[in-house]
Each structure stands twice: as C-alpha cells, then as structure tokens.
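Which chain is which? They are A, B, C, D and E, in the order written, and residues in each are numbered from 1.
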C-alpha cells in the first residue's frame, strides 16, 4: 500500500442514532444530557453539530464512539449495534488528550501502529505527511508540554486523521486555532474528505465553519439536549469560507439558533 | 464593602513591556518564542493580542504575569519591575486549569479568599454573582470533571473575574463557547470593565471579538514572535458585534493579518 | 452481592486447600497446623482476652507511631521538595535511611529512651518517617505545574500555597504513599515488639515471636490472620474512603 | 558546586556532632562508638574483603529478589486493577499480606525450600511483591481517564492498551511505588539474612546481625553506613534517571 | 532493675519474677525494705547486654556467650559475672536413623546450632575439630549451620539437618516430637549466668552482695521444691509469652539442667579456649576482671 492508496482507504460507514437518552446522575443532581436523540448519517456524509455550551454534544459523540453507554436507545454503525469503541470510529476529543509519554510523532504514530496491513515505513511516511499538513514538521520530536495550545490541537488533529478511520468524530477541532491556520485546514480537510469519503461528525461553535464544511448542520438545544432543526447545505465544493452564499446560510442558521434560545427563555 | 463597591474596586495598573525576548531551549531545539517585544498598556486600557498559533502570545502573558522570566528585557507594572506573580495581575490560562479538589464554587472562591478586606459572606456573595454571570448557578457544587468543555472555561472566567484584579491577562477565554453565550459575555465583560476600569490584555483568534472588545488590537507574527502592527479601535461603547463599522475594522485587521502571513511565506 | 459471594468463595476454597494439604499429611502437622487448630487457638485466645489485649496494645502503638511519623514526615517531605538545600541534606538522608532495617534503630532507641514505650515508638517512627518523606517529596514533584501557576497568579504564596494547593494537588500520590507508610509502620512495630521487650504492654509482635519461639505454629498463623485482618480493616476504614473521595473528585478510577 | 559543598558541609557537621557526643562521654562507648572506630572497622573489613564480599552477596540477592518481585507484582497489580474478581481476591490478600512482617514468611520458606538460597529469595519476594501489587493498582486507578478513552477509540485494546497506554500513563505512580518496593526488598532481605542462615553466602544482614550479637556496635554502624550508601547509589543509578526522564516528558517537577 | 529471658534455663529469674508478681517477692524480702525490683524481659542476649550498657538495667540473667562478648567489647570495663545460674541442658541430638556415633561420622553431614559463635555453636565446632575434621566458618568437612531454634525443630523434622546442637527446652522437644537421640550431653557447661553492670557493683556493692546471696538461696530452694518451682515457671512463662508450655516438657527439661549459683569459671575458660580454636576470637582476653564476687 502506498501513501496514495492509504489516503483513499476503506469505505465510510453509515451511522444511525436511535432514540438515545442519557442522564448523568451524581449525589447532588441529575443532569439530563441527551433527550431522545434520533439521527441518521449516511455513508460519507459530513455533518456538523452546533449548539450551546453544555447541551450534550460531546456526550453524543462519546456515545456514538462507544465510550459511553446510553441510558435509553442505541447506536447502529453499518447496521451493527455499537457496543465498544474501536478504531473505525475515531474521536478527536475537545481536550487535546495527547499522551505525555510520547513525542509529537509518537502521538501521531499511535493510531497508525494499530492499523494492520501497513509496513512501518509507510506508517512513518503517513505520520510525517499529516504532521506536515498541520505545519508542525519542526516540532516532530517535541514533548507535549512544550507545545502551545493551538499546536497541541493540531497534533491531535493529525493523530485523528492519520489512521484514516471510517468514521471521524471531531469535537471542536479548530477551537484553539487562529483564522488563517483554520482556513488552511478547512481546505485540507475538505480535500482529504473528498478523496477518502469518510463519515464525519463535527462539533463546532462557529456557524460559518459548519456551513463551510458540512453537508448538513444540526442544531442542538439545551436542558435537555435535543435536536432542534437541521439544515442541508447544498453549496458546491470546494467552498470558500468568505463567500456570500455561505454567509447567507450561516446567517439563517444563526437566526434560528437565536430564536431557540430566546424562545427557550420565553417558555 | 458591599457587592456594589467591590465591583468598583481598585484602580487599574499601567504595564510596560520593555524589549522582552524569550527562547525555549531543549536538548533537541531552541525556539525563539519572543523577539524584542516592547509594548505599553495604559491604565484601564483593553488590549487584544491576535496572532498565529505558536507565535508566543501565551508566553508573553506568562512573562507579564511574572510566571516566566524573560531572557532579555523586563516588564514594569506601575513603574515597578515584575519579579513575581501576584494577585494584582491575574491570568486566565488557555487551559481551564481548574482545581479538581474543589467544586465550582470552591474554585471561584479560591482567589477571593486570598483577597484581604472582605468578609466571608461578601466573598460568597461575589462568587455567586460571577457564577450566575456565566450561567452556572445550577452547577455550583459540581466537580470539575463533570463539566463540559465550555462550562469549565466559564468557571475559569468567573474565577478570574471574581477577585477583581488590577490587571487581567486572558488567554482565549471564549474559545470553547458558542456564539450566543459569547455575545452575552461580551456585553457582560464590557459592562464590568467599564465599571471597574481594569487593565486587560486579551488573547483571541477571533478578530471580530478583538474589535468588539478592545481599545487597541495588536497583531503578532511568528518565528520569532514579534509585534507586526497595532490598530486603535475608536468605536464607541457598548459595541455590537454584529454592527457594520465593527465588521469593517475587523476586515481591515484580517487583511493585514493575511498580508503578513503571505508576506512571511514569500520572505 | 455476587461480587461478595465470589470473593467469599475464593477464600473458602483457599481454606479448603489448606485443610486438605494438612489432611493429606504432606507436611508435619506441627509445621502446618490445620485450620481447625488455628481456629481453636483464636477462639481460646479471644476468650481469655489475650488477643484483644495484644491487638489493642499493638494498634495503639501503631496509630501513635504512624501518626507521629506522618506529622514529621509530611512537612519534611514538603521541605525537601521546596528547598534544594534540604533536598541535598535531609532528602539524601531519607533516601539512605529508608532502606535501613528496623533492627538498626534498636540500640539507638535503647540508648536514648531506655526500656520504655518511647523506645518502641522511636523504632516505629524511624521505620515510617523516611518513607513518608519520600512519598511526599515524589508527590509534590509530580504535580501538574499548571496548578501551582494558577494558584500563584491568584496570589497564593507560602503557607497558603502549600496547604491549599500543593498538598491537595498531590493527594493522589500522598494517599498511595501513606498506604505504603502504614505497611512500613506495621513491619517496624513487629520488629520493635520482638526486640524491645517492655512490660508496659504485650502486643501482637510478642505473641507472634513467642509463638515462633515455642514452635506453636497455630499461634503464629493465628496472629498472622489477625494482622491480615487488621490490615484489611484499616484499608477499608482509613484509606478506602479517602481514595473514593479522590476518585470522585478527580474523576479517576473509572476505567 | 555550591550545592555540593553545602551538602558536604552538612554531613561533616553531622559527623562532628557525633564525634563530640562520643567525646563528651554521655553514652557508653560500646553503644555509641566513635566515628574513628567505625572508620577503622570499615577500612579493616574492606581490606580483608569481608565487606565487598558481603555487599556483593547481598546486592545480588536484592536485585534478583526485587526483580522477581516486580515481575510478579506488576502484572498482578494490573490484574487487580482490571478485574473486580481479582481485586476482591488477590487485591484483598495483597492488602492484608503487605503488613505482615518478613519473619512470618520464614517458617513457610524453610518448609518449602529448606535452608537454600531460594528460601531467602522467597522471603524477599514476599516482602516486596504485595507492595508492588498495591502500588501498581493505585497507579492504574489514578490515571486520568482521558488517556484510556483516547487509546480505546484508536483501537487499542487488551495487551496493547496495557503495555502502551496504562503502564506508561501510570509511570509517575509506578516509579514512586518501585522506590518503596525497593526499600521493602532491602528490609525483607535483612530480616531474611538474619533469620535464614545459609552457607551459600554471607551477606550484609549477617554482618549486621553478628555485629549486634557480638556487641560490636562499630560493625553495626559501619554496615548501616554501607546500607545507606548503597541505598543512595541505587537511587542515583536506578531511579533518578527514570524520574528525570518522566519530569522531562511530563513537564512536571519544575516548581 | 533486673533482666531475664522467658526461657526455662532462666529459672531463677522466672520464679522470682513470678513471686514479685504475686506480691511475695523473693529478692524484695531479702534485700531489705525499700528495695524495689523492676523486672525486664529480653528475648536475646544482645538486647540484654545493650540494656546494661545503656544503664537501663543493673543485673541480668544471660548466657555466658553474650556476657563474655560484652566483657570483651568494653575491654573489661562494664560487665561483671557475679554468679552462676544454670549448667547443662545443652546436647547434641541426632536423627535416629542416621547411625551417627562419633564426631568422625559427621563428615559431610549438616549440624544445626542456635547461632554463629554462641556457646553451643562453639562447643560443636570444637567437638568436631577435636576429632580431626576441618571446620571453617562457612563450611569444611561438616556443615555447621547456625539456625534459629524453632527452625531447627522444623528442619529436623523434615530431615533437612542430620543433627542439632542446642539447649533446653529444644533438646526435649527434639526428643519428644521428632524422636531425636541424644549423642552428647553437656552436663557442666554453663548455660546461664548472673551478670551485673560494673557501675552497679561499684556503687552499690552491698546490695549486689545481698542479691547474689538471695540468688543462691533461691537456687537451693529450687533444688528442694522442684514441683513448686516448675509450677511457678510455667505460670511465669504463660504470663510473659501468653503461650502455654506443657508441664511434662518442663519436667523433662528440668532433669537435664543443673541449677547452681557457683560461678562457672572452668566452663567459661574452656569456652574461651574453644572460641580461640574455632577462630571466633583472635586473642584471648584477660578474664581476671570478669569474675567478681560481691
């Protein structure tokens, strides 16, 4: 397998979230994090989740990944129920969650080493490719604690992209990045996504970012976490984040978002 | 001292960064993080730092706080050299850095307890006020690991604001927050800042945010970290982040930012 | 419930194996007494009060010695982690002294305290304190630095920093160190009770020693069982709640 | 350099105090020999080779026993942290057994191994292994769960998860546990050498014991000094580099 | 302040301690009013001698080995042997099926002794060497294995040692519990002596003298009332060790021990000679100051 082939890789997966609910119960209180969420994501679809802080987006990602068990409902991946986490559904967490005992390249190699069918040289090649993609080739051997906040997030991004999973669950992957690095990565991610056709679920607070990347944007509301509305984004790709159509779509979604919140307050 | 008085508090401080340089040397490489930075911040000024990832913004904040020692140059606060960190120059870190052994209100109380001249009842009142400000009154007694990413950041914000320091150094305080919560906090922060007149240095990747909040926006460039340009923002307050003048200013700064980066690439 | 049953089953099986080993006569019954005879010894010693009295004496010494050990070791450990000079002197001493067997302290204890309860405490404290020093030192050194930085910038210095930040931040390490310190305290006390015979109290160590001296293996094993039980109880009473609190607060230990 | 001088000064002062205590004649010179007589003993024993031979024997036993203890204790600790059943059985046993003094193992060791080198190793291993089990268990339970989550979602399970994630993530704890385990190994070996006399080797424990038996306090203190020195050297050779590596990688220990 | 061990060979100490416990103290009655005896129990000689050095006790019953050591170590300055206490009780016990008759038969065999360099260990080595065997500290023609008493019994039962040279009550236990046969019985070798600190002797010679006399009287009384003495011993052992000793075991051991207040000068001197021969002592110390009758 060459680097080129590797970049194409496996077929993407279909996801179905079937009326999932989740409560977090502690001795002090019970938080209703997700309330009866149903959601279908087609093979190779790019879906963005947008919603207020604490509405259960990260929790939903955890459940789809198999890291948390829902209290009600279930998640199906390719018509198989999700019971355990596994390398086909990879999560990029909200925190960078890098391993301090490995350097940058070690962290990026971690997932690759767990991927069968590759020779070590190829793995190294892939790892280097992605480190370069996020612009950290000079820091290949840096320790995790020596990186700036944004650099950590970029390493985590490279680590998530490198093993080319069938489903990628990304939790605010660009939150700590500046606008220019972001824009660069928007086009890279889109390019990679088009080549590899993977299923992506992407959490963001930036509506323009969501519109720029997604086939569909899903709006969450809080207390309990529920799906409020979904928007198809029929724009052609590659999209430019500064284009006017994109801004219009974003405006529409933002208005909807505000509506719910003010509505929420009124209720 | 009542809560009202407390919200007014101490006079702000004047900061002067005098040709500060900083290298990080490890066995593998030497990173030139800051190169001859000089900067004056007037009493009660609100300054935003904008720049690419890894350009040394957090490092500069650390140096001003007294947490890191510059290799060259020095920092003066009210004409006294900064040698140690202290409660008059409070940092809100890029990571939330909450104390896991304290609950939410314990974390917010931490800085307050170190502030002399307050009765414990007043401290509690102030803490509750800020927890309410960031919308977490329901989670006052939650443990840190039970909070979502955005909620952690809001607790850190409350913890930073509560002791009313003379200088506030904030490192991407809104990165993990959704647009609506942010907008709410923009106006809250502006209100508090106008009442309390503290000196604020604020790192962000969101140019509109910077324009919305700052008296002055400072552009950093990378490798080594240097000040590239400064923009005065003469807009009247309170500012609306969606206003057209603000968007114009933001556009100007974004163009300048892009120019440097493309220029950098060309160099 | 199922967990409890399974665990009980395990120990019942252990005792059964022991029973059949004895029955099979592989080893002389003097060397490996049967569970029954150990049980009989325990019942007898419990009836005439020896066991409770000895346990009481030992546990009291243990708690006092351990407590003193922590009261000395904890601050010393904080000092070694805070000052290079203390690290190079007391810290180096602690590293060397913690490997010393308790028996080394006995002549010194006799010399300084005579044949008193204090001599015994001295041995226990010497057996505990260095390991507490080292555990504390390691704990402090492994704190994520961001906590100290956050605290400093909020104006926490000196005593406040140590008690409100450094100590709680290193708690997960400290508790693990305290557990080891507890084991050291036990072992030192047993040595002390064997070597320093004093009349103010007859402890489990004496019971163990004389059981061994008289080759009364059922007594030796009986006392061993008592020690094991006390070890378990302490863990459940002293350490488990703290650990549960920590895991709860830190969100660790979930797997 | 200045650090080194200061530390040296400290120890010189300690020795001076000792010297003057002896000179003042407060304590019987038999119980508290002078630094000179200890020095003479050390020189003499070094000359005739006793000291080196005994040190060699002891250190070899120590390393072998410690190594076996870790080879058994580490996986056991991983098991106890991984499975509720093992936790309720082996874990509970470990908690109880770690407080048992080494002397308890001697009859069993002799029963199973006779007066052999293996009996001695058995005592050392029993003194070390439970504390390693508990340290490992605690270490694993204190790992920030995000590491395990991140690893799982990248497809790390089973052996890979344990060796490539859980173990390295708990390293800071493990190292502190290993240090304590080392002290336990020392103390157990000293007890073993005192109680199990075998002819295959005459170790520092014997030297210490016979020093005490013969009221030769200068020998006792001389051997104590040797033990302290070995303890320090091990720390510098075995543990310090690992700790430095950890602090370097994790970014801790900076203050 | 007097020390002793909870051993049957320390019978005087045990009995007197028990009487003090009952409020009819033997020594208290004979040392005159106002004298209080504080009893200390030790489990091994070195601890007792350390206590003498640390001046936390004035007198103690102890084996001749530790006493001699302490004397040598302090260059004769700190301890004095003021009376004998018990002789005999030590013996060489062999496996019944091994057919060991003379020292020469022990070539290649394993013999356990209680402790390197103690009375029995040295006797054993001397006895073996006397018949031409070469014995070194760690080997030689026969292996002399210093082993703790309880472990000796265990190893003997497992037939992991061929013979044991030890003291009562272990000799009797070896006989009773493992069918050991006695090959050598050391009848007049000292096993326990009464030792005083030199300082005590210097400063309170009168008291020491009375104590030695009372000790002799007690020894006589024991010879006349063995049954009662054994009962007191058993009670005291139970009180001190919380472990019961079978009365017939005490009785059997009793037979082999000779209690005497006579200072065992000859025995100590021959012990000294043996130590020299087996290389534990390089130069013979001057024993002249050791024996001192108050």
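Here are a few things to note about the model shown:
Keep in mind that, in the parts below, a contact is a pair of C-beta atoms (placed from the backbone, for glycine too) under 8 Å apart; a residue touches a chain by one contact, two chains touch by 3 or more.
Note that this is a predicted model, so its numbers are computed, not measured.
Any chain that touches subunit C and also touches subunit E is listed here: D.
Common neighbours of subunit B and subunit E, by the contact definition above: C. Across every pairing of chains, the maximum count of C-beta contacts belongs to C-D.
In this assembly, E is the chain whose CA centroid lies farthest from the centroid of subunit A. Rounded to a whole number, the gap between the C-alpha centres of subunit B and subunit C is 48 angstrom. Between subunit A and subunit E the centroid-to-centroid distance comes to 82 Å (mean Cα coordinates, whole Å). In subunit C, the residues that reach two or more other chains under the touch definition are 31, 107, 110-111, 194, 209, 212, 250-251. Touching two or more other chains at once are residues 95, 143, 146 of subunit A. Along subunit E, residues 50, 53-54, 150, 154, 158 each make contact with two or more other chains.
Working note: touching chain pairs come out as A-B, A-D, B-C, C-D, C-E, D-E. Those residues of subunit A that touch subunit D in the complex are listed here as 62, 65-67, 84-91, 93, 95, 97, 99-102, 110-111, 114-115, 143-146, 159, 163. Contact residues of subunit A toward subunit B in the complex are 24, 26, 28-29, 31, 50-54, 58, 94-95, 138, 141-143, 146-151, 154, 171-172, 175-182, 205-207, 254, 257-258, 261. Residue ranges of subunit C in contact with subunit D, taken from their complex: 3-4, 6-7, 10-11, 27, 31-32, 81-82, 84-85, 88-89, 92, 95-104, 107, 110-111, 131, 134-135, 138-139, 141-145, 148, 172-173, 175-177, 179-180, 182-184, 186-187, 190-191, 194, 205, 208-209, 212, 217, 220, 224, 227-232, 235, 243, 246-247, 250-255. Residues 146-147, 149-156, 160, 164-165, 168-169, 171, 248-251 of subunit D are the ones touching subunit A in the complex. Residues 28, 30-31, 45, 50, 54, 106-107, 110-111, 114-115, 194-199, 202, 206-207, 209-216, 219 of subunit C are the ones touching subunit E in the complex.
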